[in-house]
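Should a chain be cited, it is by its letter among A, B, C, D, E and F, assigned in written order, with residues numbered from 1 in that chain.
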């Protein structure tokens, strides 16, 4: 069989998956090496263009910790964190918005360059994300919040017209104050509000590990109850907790499945969507 | 690289082709072994479903010589041909219509079974094909004609709603008389009337051969003038002439390219559309 | 009063009926002499075109016993029936499909010739009819089934675009097997699934006869309960039973009335729809 | 053949005419006995409802000389005319508008009562008719004008939604002044502006008479040139001149035919449209 | 601050009101001095055009007592009233329709002249208002009725296309009889049937007065219960009763507020809608 | 006259302007004090919301020199300019994009807070702006370019859905390189590509001064030829040249007028659009 026939066979093997996800919304939380490594970044953006080309409706949401840290350092500020959350005063907030904004438009430009169509948004555009201030165990974090309300109409406008929305994790609080929100959690809230078919969290680990950090302890499939149990029991490491919480919120909001995948592997998105490979951890009701 | 990553790579390699043909109409003349071999038939129908899934708009047109011959034999009639054309009296015409009708619906059923959507038509449906009687060098052939007018509105209704039209080569003459028309030529007329992006003729040879029947003499690419020259000079064998004429009519009508491909090879349609393989003969303006 | 004024008066008398049925779906089971007599066939097709012209949405469904028998005889096969149902082996099934297919497209051609628009379908097109195998009192009949599911979306596509769907009584079973289904019963299932305003069964008798075969014993109007009673009590002759069952299914599915009319009388369809003539038997709730 | 079959036959005979005029606009100038005789008025309105039911798009325009005269007499004013045109001072203009307005809504009510849908307009609604003052051979007539511009968008809004527009011959001049316009001429201008398929002028004579008033001298068919010749030569009587001019304007504007019919005969509209009777005078290019 | 800056400030002050009423339907009962005074009439029509320009959807309904009286006097008839309602015999009914019709089209012409778009209707158009005969304490009033049913589809057709419907208070009873209906009450029924955001009754008093006719006793705001109490207790003067009843019907039908405003003051409509001025009496649930 | 009546009068005075600009696109180049002064910034954003509320379609484009300078200083870089253009190396380009991005979203947030709807874009979103590198009299400026192609489809998607597009002056060159483009010139190119009704350039001067910097020498109105003459003759000061060039490009592309207004004055946008005040300089063909 020629190489071309092999390629045609591969397309045919993808057909049932393409049919299953046609017209469906998939929220992708983007971050980690898949974002910071320039080659991987270009590849992930191409994966999104392919998804769009076969009628999946991807919605991308991203944070940008390293980009923010780098800008803070350039202006001579030292990032401060409490319980893993960035303490965000007014000056920091402005820098966060700048760093995420430039990153956001870079992702857009990659999608456009690959022949796709994208528009970059923050939670300010079209009133997408309203924020509510949060604290860390009683400690004030400044302008750090959670998404308290999603107004998704701007997303419908864009996806109906064939654009991939690329969203940075910024939201607007009372009085118009800008807030920094955790992108993992925002992804879960967004997936729930869109009743997305799938939420995919791209991370720098193999998935959920029952015996962290042993990669052989990868859990391929969990129920929501098992995920809740792992959070409660302390079995999940601290970086994994918001990811699991996001998955749980998506499933409660109506998503069919939520996935924690290893973004360090090329095309992890395509493999998750269009093959039968067990990749990372899938959380699903039954 | 894992097998799944290879598969993902293959999808990504197909992306530029998917983008190029999205929303475009491709007329496929279907016949030969690709139709008579049950395994190949099922595969070609799947290929059409994949095309549809990535937003190509395929329109299938087919004849059915062997099926007609078989039915004639069963009722004790002997097929008669003049210059390769079937002499078609009233009794034969009825059998032609029966044989093609059953074949047509079988193709439809295969597409539906693969998760696609299809409707089977003859040139009678929605007044699709008007016929004009033809002769063979002065000899009367009975109810044998050519498509003199295409009314494509029923095709637009169906393709807009996501159905693949599957068309048998039957047309309607003056006074409502049913006519048998050559499927190769009808495919060319149809592609021209739809200003299809591409016409693909599926045959049982490698393509156009400059030194027939030597497969090594395959011509990969021809201009319309070269194709006309080959017909005039007698360089084309008799089976190839109507195929070349169909290609020429499609190109004159506005198609960007016309292809004569080897339907005996699995997935020749997908390979032609979604890879850079030089398969069969492409006729293109420059 | 001139002949032309009489004609104008006639149109005005039809007006309330035209208004009542505008935009409504009417399923017509077509068969018997009205189909086998060429002159009547042409007239019935014209009647459908008139219905379409005054905004009724006719859907035609037909069998074709005599056409099937004729083809079987031509290939040297002898039709076999058990309890009025055709024993259908693979070879017969293919002939059934051929005979019905040619008949189907002939009806389409007549509608087109009368200035209407039509598309011919079998239960394979757009996955219209799913079949389930049936038996006759424990005896195996081969590929004989009943319509177990209707997927009417292809009909909506066609009627919205102004086409009369003309449907042959073929359905698809598990594994893609083609099945022969009783057209009377399929008409009832179809009317129910479309919540058609009316189901009209064209037959070769005056209607339901309380004292079969005395034409003077015609029952003009029955309730569903009366129809069920007649079936149970054995008061209905065997040919009438599936017709009554079809009417009952239509009414249970939401049709307002079901009619058994004498297709031997010219324009019985128009008379039923557009005049106050009591023609045949009407089954209606109250 | 039963009376019901005769009726069905009549419907079938009307079919080609129904098909020819489906979707076409027909402007009807309504007046004379067909309007003043209550029984005829009710019948004509029903004829319009039938036209609407078979997808013709009628647009009615009317004057109302007798109704105006009657109201003027009731308030003790004496109608004055110059060259057949009503001298219209401010007081008269108000009475004209009142009389036409009540008549207009009565026509609407008749259409609604017959199961149709109608909206009554004057040239003021939606800025339908702009007026330009005219004189009669140098004599001032007051607020008498001609339609200088048609803004037909309100008509499209109404006919697209299935309403018959019923229009009284009132127009608006500079400074918002109300003008009385000749309904015959306005009908011609309106037909031209709508590129109506047909203009039908309903009158109290048989049609154009070559030897007025001898009814045997009816001219069944004229070319525009013949109509112009008849006006120039003085062969047309004074009441016929504006009707002929209206027909000519319609034809110049793109109408296919213009008709002067005898409104005293019941159903003259339906006879003109849906039979092959030569009724009245048809003016047509060739 | 320059005069132009003041003007810009004023626009900005109106912005929240414009935003609040964008896309909302406001029914305006028009009458009194605001209608009989030509200068005020022109201004109110301009106010409607402004409302339309900022995306409010006004629907105007009017009576025309003085216009009717004037026409009756001109034909030598003496208006007769019982309990404030006009005794309406057939002759009077015709004059009512004439007077209202001319007034209606004059309002339309004013709106058009101000650059707006309007269509004048009576309750006959599109079957808008069905009437039911009423009596006055057992005394027969002739053709006087109340609106028993509203068919608002013609209004949706017109407002969707950007026209202001201007409606005269005429309705159609059984057998097609024309009825005179109280415009105040019809306005309430109409507002309820449209679930209008607001009903505004334009009158010749300051609003509801608790100590009639002392203008200082103006009640700025009432609940429905207070309004009902005032009617029951006899605290409302007779002219105010139908206005209060109309307001109550609107509120019961789903309107958010109902207003009785002083039409003698220029721009009372705009002031009510686009400023925070307490003008007239507002009836609102809480 | 009460204050509320004065306000209503003001709305009525604005009506002809609202009617004239309804549905029209107005491109606003935003910058200078109107942007850097927080109070003015909030007011201008409100002005845009008002424009949107009265059906004008504003498109905002902005630069951000001071914001860029400020960020550069914070990271210890010194802005360098040649002929008024910023020398832009890779590091600077990233800071430009960050500074403009944060500013862009702040403008969006202001519009949303005022009850409007907005989406912030750079020239990367939807492939809006393609760039072409430019030089300054032979000197290399790094990543400085001009907009060589506009792809406005994303703007149509957003304005059709009621969003104000807010655009930062960033474009994409060959190979995906980000370019800094002059916002004045980009505004002209954008207005031309959209065939905007109007281009309004907000600046920190009164308008075009014939005797710079004497404010009394304000030129209220110029023709394109006069504007070209002023550029050629050296009569325009250097800051004004790109603004005049932008105006000329807009007019050549089909805009009806181009305006240079004083953004320091509150509500200059509203005054320009909705009053007859001669504000700043209008460039118009005749």
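In the analysis below, contacts are C-beta pairs under 8 Å (C-beta built on N, C-alpha and C of every residue); 3 or more make two chains touch, one makes a residue touch a chain.
Here the structure is a predicted model, which means the values were calculated and not measured.
**Q** Give the chains in contact with both chain C and chain E, ordered by label.
**A** Where chain C and chain E share a partner, that partner set is D.
**Q** So which chain is the furthest away from chain B, centre to centre on CA atoms?
**A** The chain farthest from chain B, judged by C-alpha centres, is E.
**Q** Using each chain's Cα centroid, which is most distant from the centroid of chain C?
**A** Following the centroid criterion, the farthest chain would be F.
**Q** Match interface B-C to one of E-F, A-B or D-E, accepting only the pair for which over half of the contact pairs are the same residue numbers.
**A** Checked against B-C: the matching pair is D-E.
**Q** Express in whole angstrom the distance between the two chain centres, defined as the mean CA positions of chain C and chain D.
**A** 46
**Q** In whole angstrom, how far does the Cα centroid of chain A sit from the Cα centroid of chain F?
**A** Averaging C-alpha atoms per chain gives centres 35 Å apart.
**Q** Could you please state the distance in Å, as a whole number, between where the Cα atoms of chain B are centred and where those of chain E are centred?
**A** 68
**Q** Rounded to the nearest whole Å, what is the centre-to-centre distance of chain D and chain F, using the mean of the C-alpha atoms as each centre?
**A** 56
**Q** Considering only which chains touch which, label the overall pattern as line, ring, star, complete or other.
**A** ring
**Q** Mind sorting the chains in ring order for me, with chain A at the start and chain F directly after?
**A** Here the ring, read from chain A toward chain F, comes out as A, F, E, D, C, B.
**Q** In the complex of these two chains, what residues of chain F are touching chain E?
**A** Chain F reaches chain E through residues 1-2, 4-16, 18-19, 22, 43, 46-47, 49-50, 53-55, 114-115, 265-267, 270-271, 274-275, 277, 279.
**Q** Under the definition above, what is the set of chain F residues touching chain A in their complex?
**A** 71, 74-76, 94, 97-99, 101-102, 104-105, 108-110, 112-113, 117-122, 124-127, 154, 157-158, 161, 163, 170, 172, 176, 178
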